[in-house]
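What follows is a set of notes on a single structure, which appears directly below.
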Amino acid sequence: MSILINKDTKVVVQGITGRQGSFHAERMIEYGTQVVAGVRPGKGGEWVLDGKVPVFDSVKIAKETTGANTSLVMVPARFAPDAMLEAADAGIPLIICLTEHIPVQDMMRVRSYLDQKGVRLVGPNCPGVQTPGECNIGIIPGDIAIPGNVGVVSRSGTLTYEVLYALKNVGIGASTCVGIGGDPINGTNFIDVLQMFQDDPGTDKVVLIGEIGGTDEEKAAQYIADNMNKPVFAFIAGKTAPPGKRMGHAGAIVEGGAGTAEDKIKALQAAGVQVADHPEQIAELIKG
Amino acid sequence: MKLHEYQSKNLFAQYGVPIPKGRVAATAAEAREIADELGGRVVIKSQVLVGGRGKAGGVKLANNGDEAEQLAREILSMEIKGLPVRKVLVDQGIDIETEIYFGITNDRSARRPVLIASAAGGVDIEEVAATTPEKIIRVHVDPLLGLRDYNVNDLAAGIELPRIHWKAFGQIAHGLWKAYLESDATLAEINPLVITGDGQLLAVDGKVVLDDNALFRQQNLVEMRDLDAEDNSEIEANKFGLTYIRLDGEIGCMVNGAGLAMATMDMVKLYGGEPANFLDIGGGASEEKVAAALRIILKDKRVKAVLFNVFGGITRGDEVAKGILAALKEVNPDVPMVIRLVGTNAEEGRKLLAEADMITAETLSEAAQKAVEAAKGA
Amino acid sequence: MSILINKDTKVVVQGITGRQGSFHAERMIEYGTQVVAGVRPGKGGEWVLDGKVPVFDSVKIAKETTGANTSLVMVPARFAPDAMLEAADAGIPLIICLTEHIPVQDMMRVRSYLDQKGVRLVGPNCPGVQTPGECNIGIIPGDIAIPGNVGVVSRSGTLTYEVLYALKNVGIGASTCVGIGGDPINGTNFIDVLQMFQDDPGTDKVVLIGEIGGTDEEKAAQYIADNMNKPVFAFIAGKTAPPGKRMGHAGAIVEGGAGTAEDKIKALQAAGVQVADHPEQIAELIKG
Amino acid sequence: MKLHEYQSKNLFAQYGVPIPKGRVAATAAEAREIADELGGRVVIKSQVLVGGRGKAGGVKLANNGDEAEQLAREILSMEIKGLPVRKVLVDQGIDIETEIYFGITNDRSARRPVLIASAAGGVDIEEVAATTPEKIIRVHVDPLLGLRDYNVNDLAAGIELPRIHWKAFGQIAHGLWKAYLESDATLAEINPLVITGDGQLLAVDGKVVLDDNALFRQQNLVEMRDLDAEDNSEIEANKFGLTYIRLDGEIGCMVNGAGLAMATMDMVKLYGGEPANFLDIGGGASEEKVAAALRIILKDKRVKAVLFNVFGGITRGDEVAKGILAALKEVNPDVPMVIRLVGTNAEEGRKLLAEADMITAETLSEAAQKAVEAAKGA
């Protein structure tokens, strides 16, 4: 079992004709993901990736023609807000946006619109979602995770790979791995994913990978204390990050004394979460 | 990107927010000239992009042109928190009756813009928020609707602004909102917004922080950028698409991915070292990028060892290794280098790097430990 | 029983200090309606109607202070869109807007926003809502209807009074009378109200008063055929209206051959609705 | 309020929509001059606010200045569907390759703006919609988001517009949208949008209908109003806040409320009469308003009887009656007057009016019947 995506997920890739888009779409297909369509306005009717994927002028047409039910957005930042709105307007219920550097005000408008449409967005500025063995949407390497019963949710990219890889090395697999992204305004937060994992019969344990900035980890801790009976393991990056500086991710910043790693770790521990000192330790903690 | 006070206030003025008469000066003579124009009684304000300039002596009151020239000379020779004062703003003296705080920022957890006001203006708003939170009024704005009059009414009523000032306050609110919106600000702040003795509202101090991700559509504002206020290495890193932040330690870090980069710093600390920097080289690792990153790290003479931590996922490990080797040849560092390379084709990569006299490690823990040791030995 | 409003409804009047607003608020109070607050920015703290009703600077403050759960909007057209948005933002679940002449594009934006907030709007350009004997919000005269079991829904004002009055004259009362208004873009349509009447145990029969323009009556007919078992009686005004002309109401216009009285009458009759030749006949038909 | 073709196209041009070169002329000599400027080959188009002017001979092609003058003279002396032609638009002749329909209007049942396009342009779009609906492409726009590029892409793909024209079409779409939005239009239409022989897109004909309720914020456009195209009585009624629409019958109607006014007309017809007008006097019934309404009704010499139908709800019946009596005294009509007054204080009102030699009625049916009879007797 899994959350968000599985072997039946049909993906439309917005920006499939770009360098990044075509490269990763190819990897996704190799993984076994059903990439049923690409979108590039003005290129409708063409086929890409050696004729494997048809391109459409809009998400609406792509969805009507192929039945796509998930969109992967890999267009440049200045086009990404419209790309998400387009997918939502076309009735796509799940949008995964990898694009980094989207202006915050744009994201506030997009998120408001998506909420009103009841559309789930994962990202932006995230590595994507992977249900090992079934479906891989985004840029999480296909060979670093094996199927299993641990749900993983993270604000980070390579740090997540690190944890997945450490789990794999001790023979532990993942039900689904969700990268929620490093931006201050995103679509899906920890609580959303924790709830899905709690409800997913295929997930027995959960790993949460957080970092400095905002208060989402603190809210997640509260949620865990109130609503979860599955064990949760966590790592929080940024203990040594200085205040007032964005640590690469737009959302990773300690501002006005809020958003420190210490606060988050304390909150999680108080909620019964085992917090690792370093990412590789997660695997040891889970193995027990 | 931060704007100076005078830039912020000029921006506000473009949107109809009233500001005191005044101009920026780069020399004491200019300051005198402006003071004379304004009738003598002026405030000389250092233009530096750090807080607390008042306490540091960077804001002074002058009663005439002579005093203005003298004080401007003093301030223009100062350094405030390490930043040289290159300009002063010479503003007319204001007869202050009341000081209000008024700002617009992005509320991360509400996911929408928020107007913040307080009748207890003129001081650090975070301090007010911490000690007397009831004095801070917050009103959210729907990002698809934009600012509505009723948002402003809720704010004005919340801070118990006398009715007589509601109209002027409304105009300022709409002006500040437009400035925030059209410049893609993450903060647009007037502190204090002053009610003068004769009942006028004036934005006496202003602060604007722009969203770096939106600068592509803010060319006019980008031109106001003050590079003096930024770290040279950070500027240099930016050019190569790298994110670099200088820290105080002795172990240089080069990592792909922001989260992993933070975790790597944390590991260094965990094993008794201190990271010298945060550095995210992003996806892939072209020779050019790696070389630039190395140069930037090594420019910091405190660095005693360099720790590479690369998760070769999309990019293959052997290619990353080749990029690093080429960069090493170019930069030719004289401190020990520890590399930990995992993921796709990591084995091949590690072999290549071991031959190049680098210390290799299998895990992040091992790598951090070795880097700390190497730095001590160096 | 009733729909939308009853004796427990607490009303805030936006625009209470205006000539119309204060006049009708007074009538509403005489009727027994709980008018708990008025709103007029900059006049917060005053009391109006001989000290009976407190005035607040905003709907939000009025709601927090008085627990108002319904707003009556009686402000001029250029301020009405913001007034509705304000009530919605303040969390008022039911807005009744009497204001006429609101620009259509404004109404499209307002309706879109209210939908996303899940707020019910009745109107604009409507006479209001009356639950005889319990609560009267708007300008429907208080003495022309008596409590009863007939639900009335109408696009018109005085034409509705005509029907209510005719019903009263033969001793028939109304459960609730809802004026949905004569504008092309409004908040509540026939189907919304028909559904409420169908579900309301206090309503046994329903009167629908339509007019030319749009296709809401046709859609209502379909709804009645598919979903209602209570008898419905109707009158459609505008049989003699020439095409291409707005008959007073912004929404009452036959355009491109659509929206004629004939089409609407046919559709209603096909759905089993008894359609009266003239408004007074409604009372006779119901009496049977 | 409708704009003329030349006004509509000039509006579009302000928003970057390309239109043919041309100008409006009020005389044949001016038309010649414009034709000469444009090189001779021009289209002379009557500017009247009714459809079907082409079929009526109001659009002609001229090959040189002489022909232009001659044809302009002919057209300027025409009357089309009762409206005098006071101006002609002289546009350069266009080499037409393809004709597209492109409009934006308010979709009442979807409650949002809709873009409508068809590759079958140049003809009546309602006819296309009726006969070949699949040739009409509709794309809705979210009113809070405004027009997005993907809306335009859906439209361009829908009408199978050749790729080479997408960019130009996109600019036109955004221009038309802004024109629609900023002028509070209920219709902004280009028909035909022409692809010329050399691959340009041009708005060859244009039509804009404004929302009368939004005219308060469209002062620039209100000044373009062409009163020639409107009924004098309707204009007069508007001044008094009355809604009056002239019809073809003999029974003048004066009613409070639009729905009741329509129902009253329907009743007149039901009893064998024909209404002479729709007239809504709105809430209340001040003496001044009633008098103005009576004057307007009686100006129509075909009127043989006047039927008042007033539901005195808020306003008391006796006061309404007094208003009517005062108005009657002023206007002094010579046709029979039937009045039906119900609601608050109706009894008192009816008594007052009966003394004034008016025919009174209790019900709407009775009133309509009496009015029809009175008109026959008159």
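Lettered A, B, C and D in written order, each chain numbered from 1.
Note that in this section a residue touches a chain if its C-beta (ideal position, glycine included) is under 8 Å from a C-beta of that chain, and two chains touch if they have at least 3 such contacts.
As the structure is a prediction and not an experimental result, all values here were calculated from the model.
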| item | value |
| --- | --- |
| Between A-B and A-D, the pair with more C-beta contacts | A-B |
| Most distant chain from subunit D by Cα centroid | B |
| Distance from the mean Cα position of subunit C to that of subunit A, given in whole angstrom | 47 |
| Centre-to-centre distance between subunit C and subunit B (centres being mean Cα positions), rounded to whole Å | 54 |
| Cα-centroid distance, subunit A relative to subunit B, in whole angstrom | 28 |
| Contacts with 2+ other chains: residues of subunit D | 142, 144-145 |
| In subunit A, residues with contacts to at least two other chains | 113 |
| Interfacial residue positions of subunit A with respect to subunit B in the complex | 24, 27, 77-78, 101-106, 108-109, 111-113, 139-141, 143-144, 154-162, 165, 182, 184-185, 209, 211-212, 214-216, 219, 235, 237-242, 245-252, 256-257, 261, 277-280 |
| Residues of subunit D defined as touching subunit A within the complex | 142, 144-145, 148-150, 153-154, 156-157, 163, 166 |
| Partner subunit B, residues of subunit D touching it in the complex | 144-145 |
| In the complex with subunit A, residue positions of subunit B that touch it | 106, 108-109, 111-113, 126, 142-144, 181, 184, 186, 211, 213-214, 216-217, 243, 245, 247, 255-263, 265-270, 274-275, 278, 280, 283, 311, 313-314, 342-344, 363-365 |
| Residues of subunit A defined as touching subunit D within the complex | 41-42, 44, 57-61, 82, 85-86, 89, 113 |
